[in-house]
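Pasting the structures in now, so scroll down.
Heads up, the next two complexes both have subunit A, just with different partners, subunit B and then subunit C.
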Partner chain A sequence: MTNLPKTTFYETIFYRLRRGKDEAKRMMEKRKFRLGVFKYTCCAGCEFQLIYFQKHILEIFQNLEIVYFQMGDSNGKEEGPFDIVLIDGAITQAEQADQLKKVRQAAKFLLPIGSCAVNGGIPAIKNSTSELEIEQRVYQQIAPIHSMKAHPIDEYVRVDGCIKGCPMGEADLVEAVTSLLIGKQPNFFNYSVCVECKLKGNLCVLVAYKEPCMGPVTNAGCGALCPSYGRPCYACWGPMEDANAPALAQLFEKIGLSPDDIYRKFTQYGSPKSEFRKGAELYGSKT
Partner chain B sequence: MDQKPKHQTIYIDYLARVEGETSLVVKVGHENVEEIKLKIFEPPRFFEGFLVGRKYDEVGDIVARICGICPISHMTTTLQAVEDAMGVIPSPQTKLLRRLMCLSQIVSSHIIHLYMLVLPDYFGYSGFLNMTAQFKKEKENFLQMKKAMNRVGEMIGGRALNPISMVVGGFTRIPSRESLLSLAEEIEKVLPMACETVHLISRLPYPKLYGNSEFVALRTDEEYALNEGRLVSSQGLDLEIHDYPQVFQEQQEEYAYAKKSFLKGRGTFMVGALARVNCKFDQFHEQTKKLAQEVNFGIPEHNPFYNNVAQSLEIYNGMLECIRLLSEISPYQEKPEAAIRPGEGIAITEAPRGILMHSYALNSHGVVEKANLVTPTSHNFAK
Partner chain C sequence: MYTDAFLIEKDQFSPWLEVLHQEFRLIGPIEENGFYTFAEIQSVRDLALNYDTTMLGPRKFIYHPEEKICAFRKTPEGFEIEPLGKAAPQILVGVHSCDLHAILVLDKVFLKKGFQDRNYRMWREATVIMGIHCTGVCPNCFCASMGTGPLFEPKEGYDFLLTDFGDRYLIELLGERAEKFILPLKLQRATESDFKKKQEIGRKVENQFKKKIDTTHLVDIILRNQNHPVWKRTAEELCLGCTNCTMVCPTCFCYNQKDEIGFDLIHYERKRYWDSCQELHFAQVHGGNFRFTRMARLRQFVTHKLATWVEQFGCFGCIGCGRCMTWCPTGIDLTEIAKEIMVTEQNKTIRMSEAQQFENG
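Now for the complex of A and B:
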């Protein structure tokens, strides 16, 4: 994968909102927003997370008409049209990519939810080994298996923002959906876990205990959960934009991690994303 | 009008409100069903493939992402399998906290299944969200119960979905006694709702279906086994969990990405709530037994539709058990301890949908060399 300069999410949202603001207002008065939820390769945890956010989500759902949500409703219209589409999971099959492109065309706003959809997540760990080898480890006959490397949603279609987390964060989801409902620009966290950790007043697990914490390069949103529970962050929220992974990787070497350990730290989440790959490549020979 | 029924094939392209992507093909002949194929086309994710080369301390976090409805079960199973391989013996407190986590998992999974996935079918709705206007009380029960059970996962595990404090050797943070007692109080408040759930679920019009399944579950002498014990069945199976690979066999089908599991020389079997209740009804709390009697549920029950009733009983019993454990426990501070040692390990736990097996081979750096995971879906698939 080349490292193409991509439109930042803010630019996209600005563009979409400028174009669609009046239309969105008119729509709001007439009828509910039409929601589609699609699931690709993942654990479906983010879909369940939708249901877990009972405090806000039922309120929000009252303003939405569910057009497609296979896990929640058996009457689904796959072809849309949709105002908001949430996509759960990474793309690992050609059919998924085909459907995704159609969904994009039928959707006004399309947002990947959760680490798999945003940056490949856990399914993308396999990307650092050849497909054939991976398949042979699991299946005796590989002829009926049609799978390919795990890619995030924005490798195939334009996205209008990302709801990060594994499972996705409540604050991000509520912010995104309410913003789209009222026609404002969503304000996502664009800083690292360290900021949240400092605000909480935690003792730094990296500095004080020399534990390999991924917090400095990981996007905020979880509330510095792991360090608050006395363990180093393992980057489940995925990389923060423009994170300096090589610097952290070198620090890990100083505190005594082996090259293999460092490689694993940077490939557990978001392996196709350049921010983490730069850290992994310093120490990994496997890619 | 005296026409003989023709051969007919029923296709269902997508089974909605089921976790996992599945289609169903049923071939009906003159008199009976000739063939049923459950085509599980959920894209494979190759966990057993990419876990090779990962380190023991990250495997728990990775496997939690196998299932969005039962991450705690996968995590617990892996932690126990890794501990088995490395010769780590978890403390009694760790076992107890894991049992609480497991109970919260089973109960909340059953709640989601019964209310969101089952009820709409029996009342003729396409989804639970459409039902909420007419079923206000049920909606309230559902939300309140789920909230209380999620709190257990949040308080002990740090996060209800994909908990973070559970690691090899123990818990990274031990909750205070006060917080555990407040949890017990919260669950106490929703307990009557669990009782209502049992009454509601047991009154649904279930189709009559008889069969003679072999039910497999974990069992110990002391309590309703969840995370440890021997494998027993309704037809006399009784084995140590380390013998699992010799007795169970996996088989790949061309039409599905999931594999089928068989008992060697015995054939298909069933796992899950109904299997557990059939195998260890005697270990339910007395109140649960009384409740089961009230709704005319008795064992052995072979109708698989009654799995729903079994789940509702497990919700009630699980809450009782949570209250008991939460009020008795007096937590003390301890740090998770584990030293790397090469070896092979296996663990079996009761996930919400049945027994779940993980086994690993670790090398001298604590890196996985071989991983094998068999889920409840695979165990039930052949049946």
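Now for the complex of A and C:
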């Protein structure tokens, strides 16, 4: 894992002051926001979701100028500069990391979109098995493969917020883009799925039916989609900050889940994140 | 205030509600997938007045989980605000004694202490409340210990109060609004013996409680033991930080606000939704977070309900409905926490008296 120095408090303050000035200038000029969308290791579902969302939020896209978006437009300018960059997918190759760092330098705001970019997501399931074994299972010739463990974006560069979800949630995306357009701090969902369930008045599937629901440790934003239909949450939004995964993992054991099942539950969507790793490590080990 | 009491046959009761239903939204307990829940009722037949408990109390129809507070619009000079939302007249049927007390607690928070909350007042005034006395206890409730049941004693907070006598209800009235509703029925007035019967039912229920808590020195004991090991142990081993306890608590009143930005970047809407002290960002202020650990958050919930609420509003924040422990995925029980602290206190006094005896020879 790359350990980059974290930004200090004063750096953040300077950054915000500078941002405020830039914002005022942009507003005066009525210039469009320059948008870049980059894709790394993922299924590209989030990018399709973005293309799909513009049906609803066409007004928002009127304020945006697409500078680089390979899925939507083949004549992009990769070097920027950008106002907003959305990053889709996890980092699994050294050259992806190199490009990501360059993009960060050319971008004013950089936001990872979707579980892969935010938490490692589905690609990070392979992190619990050794690289060679994984590669041999998929490819006959492993010589041209330069893959490494899957990492979320924020392990390589500073991010200005996360748009979670698998695929990314519309509410968070709209909040992020509109907030950046008017120059305010985006107000992301930062509580558990349980809150959304209670706000909707759903019966708790974990307590009432003893279903292994990941809701208590999962970040909200989906509108409690699965529990609303009586299904247990499977944590596609990734971990909530300061989630108590070990306590939930032990509860799953009491409900009757096997150690393997519990391990898979906590490594399916956010295995690089320490919140989930704590729960997974009680019931399995990393090779 | 006008008070009166009548007897109403059960055959007469449903048609009467049916008539009221034409004018009002009718809200009451219904059965859904084997569990009871408060919901808007389509037909009076769905009403399950013999329900035990619900996950969310009737508070969600007065103090809504999510509601729009105001809309504002950017103008060249600044911005214009317009308040949003109108209350629809509604009847809450079948509110248990604990939940009636919970509504009184919310009244203290939103209406009586200094600032009046516009939306809460609007919905509170538009709501006719019909309480009902429990005829049994739930596995987790302890209202008798908190002084909030099983019979509802205060002469405020409700319009009608029902007591089940088998084939008929004793219906107590409070206020002129209630009188107006019941006038066309021409009912038989309740007598002294009916009230005795009601007291008897109350006594019968009171003897069934399994969960109890001694509240005599509770406030002092909790405040003295803020560093007791029980807090840390429960927070680390059991508490998920999922906020279920505060979401289902009928007296929790915290909310958070969120601005929804219109796509044209000119129109905005301000929404409020239930917030929870069990959530990490609740205590996030400029310069840091003053309840950074899960232990501090769990301790805040229990201490507020059982101790500091008394100083703040003059009553306990806990009304003994037992929802927080029923709907906690890991079953954290605030009475067990309080009891563990009390046991340590008792041992301490015993040890101290023993030491004194030893000194005295």
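Heads up, the rule we're going with is that the second predicted complex is superposed on the first by the 253 of 287 C-alpha atoms of A that agree within 3 Å, B and C clash if a C-alpha of one lies under 4 Å from a C-alpha of the other, contacts with A are read in each partner's own complex, and residues count from 1 in each chain.
We adopt the following convention: contacts are C-beta pairs under 8 Å (C-beta built on N, C-alpha and C of every residue); 3 or more make two chains touch, one makes a residue touch a chain.
The structure displayed is predicted, hence computed values, not measured ones.
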{"item": "Superposed partners subunit B and subunit C on subunit A - clash or fit", "value": "fit"}
{"item": "Touching partner for A:219 - first (subunit B), second (subunit C), both, neither", "value": "neither"}
{"item": "Touching partner for A:119 - first (subunit B), second (subunit C), both, neither", "value": "neither"}
{"item": "Partner chain in contact with A:191 - subunit B first, subunit C second, else both or neither", "value": "second"}
{"item": "Of subunit C and subunit B, partner touching more subunit A residues", "value": "B"}
{"item": "Which superposed partner A:179 touches (first subunit B, second subunit C, both, neither)", "value": "second"}
{"item": "Partner chain(s) touched by A:41 [first = subunit B, second = subunit C, both, neither]", "value": "first"}
{"item": "Apex subunit A: angle to the C-alpha centres of subunit B and subunit C, given in degrees as a multiple of 10", "value": "110"}
{"item": "Partner chain(s) touched by A:203 [first = subunit B, second = subunit C, both, neither]", "value": "second"}
{"item": "Which superposed partner A:166 touches (first subunit B, second subunit C, both, neither)", "value": "first"}
{"item": "Three-chain overlay, closest Cα atoms of subunit B and subunit C, distance in Å", "value": "13"}
{"item": "Residues of subunit A at both interfaces, subunit B in one complex, subunit C in the other", "value": "230"}
{"item": "Of all residues in subunit A, those that touch subunit C in their complex", "value": "57, 59-60, 63, 174-175, 178-179, 181-182, 187, 190-192, 194-195, 198-201, 203-204, 206-208, 215-217, 230, 240-244, 247-248, 251"}
{"item": "Subunit B-facing residues of subunit A, complex", "value": "39-49, 51-52, 54, 58, 61, 66, 69-76, 92-93, 96, 121-123, 125-126, 129, 133-135, 137-141, 144-145, 147, 166-167, 225-226, 228-231, 234, 236, 258, 260-261, 264, 268, 286"}
{"item": "Interface residues, subunit B side, partner subunit A - complex", "value": "14, 16-17, 19-21, 43-46, 48-50, 52-55, 58, 61-62, 65-69, 71, 112, 116, 120, 126-130, 132, 143, 146-147, 150, 158-162, 164-165, 167, 172-173, 252, 254-255, 257, 365, 367"}
{"item": "Subunit C residues touching subunit A - in the complex, by the definition given at the top", "value": "32-33, 35, 37, 55-56, 60, 65-66, 236-244, 247-248, 258-259, 261, 263-265, 273-274, 276, 279-281, 294, 326-330"}
